[in-house]
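Below are two complexes that have subunit A in common, paired first with subunit B and then with subunit C.
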Partner chain A sequence: MKQFAYFPGCSLEKIALSYNQSTVETTKVVGIELKELEDWNCCGATAYFHVDELLAYTLCARNLAMAEKENLDLVAPCSACFKNSYFTNQALKKDPDLAEHINVALQEDDLHFSGSIEVKHLLEVFVKDVGFEEVKAQVTHPLEGLRVAAYYGCQIMRPRKDHEDVEQPVFFEGLMAAIGAEPVPFPLRLTCCGGSLLISSREAALSMIHNLLKNADDNGAAVIATACPLCQINLECYQPQVNQEYGTNYHIPVVYFTQLVGLAFGLPDKAIGLGSELISATPLAQYAA
Partner chain B sequence: MAKPSFSQEVANLLYAAKGNPLNTCIQCGTCSGSCPSVEFMDHTPRRLIGLVLADMKDEVMNSNTYWYCASCFQCTVRCPSDIDIAETMYALKRYSIWKHIHQEGLVGPTFSETFVKVIFRSGRSFEPVMATSYLFSSGLKEWIQEAAMATGLMLKGRLPVLPPRIKRLDNFKRMIGKVIPLGGES
Partner chain C sequence: MSEKVGVYICHCGSNIAGVVDVEEVAKWAGENIENVTVSRDYKFMCSSLGQALIEDDIKNEGLTRVVVGACSPHLHEKTFRRACSNAGLNPYLCQMASLREQVSWVVEDKQAATAKAKAMISGAVRRVQLQEELEPTEVPVNPATLIVGAGIAGIQAALELADGGYPVYLVEREPSIGGHMAQFDKTFPTLDCAACILTPRMSEVGAHTNITMMTYSEVEELTGFVGSFHARIKKKARFVNEEACTGCGICIEKCPKKVIDDVFEVGMGMRKSIYRSFPQAVPNTPVIDTESCIYFERGKCKACELFCPTNAIDFEQKDTYLDLDVGNVILATGYDLFDVKKMPQYGYGRLANVFTSLEFERMCNASGPTDGKIVLRDGVTEPESVAIVHCVGSRDENHNKYCSSICCMSALKFGHLVMEKTGAEVHSCYIDMRTNQKGYEEFYQRLLGEGMHFIRGKVADVTDAARIKEEEGKLIVQVEDTLLGKQRRIPVDMVILMAALEPRYDARDVGLKFGISCSMEGWFTERHPKLDPVATMTDGIFIAGAAQGPKDIPATVVQGAAASARVQGMISSGMVKIEPVVATIDEERCSGCRICNNLCPFNAIEFLAEKEVSFINTVLCKGCGTCVAACPAQAISGAHYSNAQIFAEIEGLLYDVYSSNGHKTAQPEIESVPA
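On to the complex of A and B.
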């Protein structure tokens, strides 16, 4: 049993509750224990860094320091939480002066950053810490014939962390194949969903969502799998608006990868939050034969 | 001491960025070609960098380009000169918020500030308050679309009713007070 400190993030409390439910249930099956940070705060999404860098680092460092207290690596299922936590960890580890400055602030909450842990995205935990073999071993209902567009989005892959290949990743497709599904070619799998531009620059975001839906649809995807609440919300909830703006008629379910993993593990719909989507994903259950 | 030029000011805002300085830009346009929202920008990222290097401050600050950056970092990972371009856009956003200069009618600056204020009050993000930062500036069609979606989400139990709060909020606020002046926000 491997333990991680779990930072669900604000979206997973409500709007992406199904991601939280399916994360908790599927990790149990593969022997991962997630220990939720007891008083985590918002990672800042893209907004903190627009306003003040030092503030952004401080807020992310508070979560890191809580994970350090537990002596556990931190795992985040949301791409923005992951990216902000990961790069704050890296920046503070590299810059002792910055860390010292922020530690003065953290004292107010009896916390201290020392740089003793690593930060991972949930997808990475499934791919590297669990591994495809162990995932396959737990599959009771392979999703045979389910054509899935594995959508990486942005902040899992970018910015680059080391010298890894950020242009041609294959691990998400690999995970989908491990649960018996059929990953379809999806050239725009690394292209942005629009993120918070949906709020600030709606026209641009709707165009970006439209491109992604078209690309998934053109390649015959029956479902889009995501690993980020913002990607899920943009791609699912804004389909009616895209249809209205572009005269299209898309009706593609968009689910969290953990929900597909959960289906393949034979977990009940309710346990993995199926049924809370606006575009029904219940037809997917027929593949879990 | 001579007043720093605009391009120097921008360079100073990038102290924490990992990439090379802007003046290593070779104007190849890989950033513009990789940008998913370039068609909505009034200057492409390549041209914006050129304008910064030419110290054309008004032209830069009044462009919508940096507020149309979605933080996808495609430009950053592809830049052959290793300039952290997305981080440059962040620097311009910060400059724009501090100096209160940006193109009229943009939602981005208000949204970022509202977001941060919500976090100061509760430690957690809360969608319904965020919505107020931008819905007032949008048209009737957007209102109706958003209302329809909110209703759908509510019926599925996906919208929070009460704002969430962290437990140690007092400590949290004091912690923030140590890094930035809070003004009327505490």
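On to the complex of A and C.
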């Protein structure tokens, strides 16, 4: 059994509860043990790095140091948590002066950053640490004929990592194919969902969401799979507003990839948080265990 | 008997004198350094009056050694050695100290610069007294030349040499000569057709009595040295007897197997299994592609053999090897195109109507796969709008940092051809428009007048994900127009990617084979970027054309001609002088360990099995000193760079720290000498 330090992040506590549930359940099936950090804190989300970089680094470094104490690589299911933790880990490894500075603050908590672990997104754990073969082996209810738009969002592929195709990645589609679903072409799969732009510029954000929904719909997607709570909220909750603004009639369920994986593994709906959607995931009903 | 050293400090106008107190250095050297008989400073030592100073002093003062503190020896070492030689002093008894490049140009503080100049002169004076008289060896030059690569650079070089009356062996990897230029349609900025200007030269090569053309051939090995190289050429089997074949083409007509032509037509068109690359191919003898030929696959067919009127088809033909003796080599191996699939954001291979620049060239070409019609991938629809993406793989930190230099002009040419042939709207997305040769800027102005749209910005993305009705079914080019400061989405029918020029995929191996070096990117390195652009650090090996770096046709032709002029110079002088600064092995001390054998970058060291010692071929040796440093038995010594000479120079440089007997002096003259 492979162990990881688990950093669920604020969203998964409440608004993305189903992501948390399905993550915990599906990882169990493929033999991954997630040990939740005992006293994790917010990653700073999309805003804090622009307000105070040093403090933002410190915030993330605290989570990293806790994972280091356990001697486990850190896994985040939320793309913002992943991106901030990954960036911080890279920045502090590269700049020993900065790390030393931050370690003074961490000392208060009896913690120390040394750069001994890696930060991974949950999707990466399924793709690389578990692998498509193992995923396939656990599938009992393949999602045959389910047309899925695999939506990466913008934060998983940036920062650029070595030897990875950041422009046209295909691993998310690969995972969807591994559970028997049919990934559709989705050219805008790396394009931003608008993030927190809805707060400051509703018009611009709705246009970005509209582009994504239109692109998924044009390509015949029955469902959009996401790997980020913010993407999920933007694409799902604002569909009615997009419809109103653009005169469209979209009704596309937006679920977490772990929910689809769980469905294929034959886990009951309740265990993977299905049934709490705003846009009911009816296309998934036929695959239920 | 002690030596009599003359020291000459050059002002180089104000280049040196502006920073270094040259009078003080000259005076100090004359008064303080042992064995300095004469010490002078002069405005320009390289002038004829400056040289005369040295010559007169050698004659009148009986100087036995000369030190010139001036520019880098790269520039004027020959000048001062010649001056010594004129006055009867062996030229290798002259030493230069680089007071300009290593002192006045890099040290700002005048006092520190003067101190450093003194140290360098002191080092040179100590060293020069231990230098020995050396004599260059002379070897004859074989008048035949080997030219590798028969694109326009190789063709130009071959014709110039052959017209001059010298024999040329022209080796080409592909079945026909012509290179990339044969694939093009029009040439910028004059828009004359590439084939119309190239094919006459090709047939001239084919008919020239002084040119031995070897197509479908490669150089296997090159040994020897300037003046007398030996090359082994592999002639790949064509399965068509070149003497018997008349080039009638019936075999091609009758061949039942059609395959995609990935080389000449870059995947845009078909050819038969027996084929010639293009109608005007030289030689016109076809080749059989064994990978697709039905006979080679299944042992049956031989349609070509059946119909050939001269019995030229020979399925039993084997690769043959030829050994050539040549005096010089010109490498004109050209370039490869950047693989645009490395930039998946531009959609090549995924979005049908994204084309590479070379594909577009073939499409425009009247004898190309679409008979010169500009159409979408479906083969019939004319585009109504076209976007040209510049700098695909060029000027890009992730791929190639350099500018590929020809793409801006090609893009303008493409724009003109699209508008002329289809009337479509053309959008060119560029980073900077680079049109800096004769007639080029005028061509840009012409296209501005013709109504081509120019958008200054690097394209972010090419996608088929439409946002609005006008974008449906189109390719959308997402680009920031940096002059407007706005993001733009341009819906078009066709996208052309101006792919970067890259070194040949095997350029490094070719470099090794011919004993020359490549730049970081893989372009062949010239001896001097400005003053010796077609020679290399290996005597007798010259480079020409895009193998040295991205360049357009005029510049390529210039280099082909320049390389042939250099070779003609070597041939007409008949003999070549070989620099005597070489390493030699003391057989008594050599243990035969062979460590040096593989270290030599010039393949100059061989192992004499009988004597069990290594031996340096002094004609090949460049005196780099690698083996000297590596030899564990100190059996190798480098002429002009002996241990004694180098240590003397170091001691001289440290004159203010160490006294002449090697003990530290109590009070250094200057507290800190800048590095």
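The working rule: the second predicted complex is superposed on the first by the 283 of 289 C-alpha atoms of A that agree within 3 Å, B and C clash if a C-alpha of one lies under 4 Å from a C-alpha of the other, contacts with A are read in each partner's own complex, and residues count from 1 in each chain.
As a working rule, contacts are C-beta pairs under 8 Å (C-beta built on N, C-alpha and C of every residue); 3 or more make two chains touch, one makes a residue touch a chain.
What you see is a predicted model, and the numbers here were worked out from it, not measured in a lab.
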| item | value |
| --- | --- |
| Contacts of A:62 with subunit B and subunit C, given as first, second, both or neither | first |
| Residue contacts with subunit A in the superposition, subunit B compared against subunit C | B |
| Touched partner set for A:158, first subunit B, second subunit C, both or neither | first |
| Partner chain(s) touched by A:214 [first = subunit B, second = subunit C, both, neither] | second |
| Touching partner for A:97 - first (subunit B), second (subunit C), both, neither | neither |
| Which superposed partner A:133 touches (first subunit B, second subunit C, both, neither) | neither |
| Doubly contacted residues of subunit A, that is, touched by subunit B and again by subunit C | 167, 211 |
| List of subunit C residues in touch with subunit A within their complex | 343-345, 350, 463-467 |
| Subunit C partner contacts - residues on subunit A that touch it in the complex | 165, 167-168, 187-188, 210-211, 214-215, 218 |
| Residue numbers on subunit B that touch subunit A, as the complex places them | 16, 36-37, 39-40, 64, 67-68, 70-74, 76-77, 84, 86, 90, 93-94, 97, 106-108, 111-113, 115-116, 119, 123-127, 130, 133-134, 138, 142, 145, 148-149, 152-153, 156-160, 164, 166-168, 171-172, 174-180 |
| Residues of subunit A that touch subunit B when the two form their complex | 10-11, 13-17, 38-42, 44-55, 58-59, 62, 91, 95, 98, 101-102, 104-106, 108-110, 154-155, 157-160, 166-167, 190-192, 194-197, 199-205, 207-208, 211, 237-238, 240-241, 244, 276-278 |
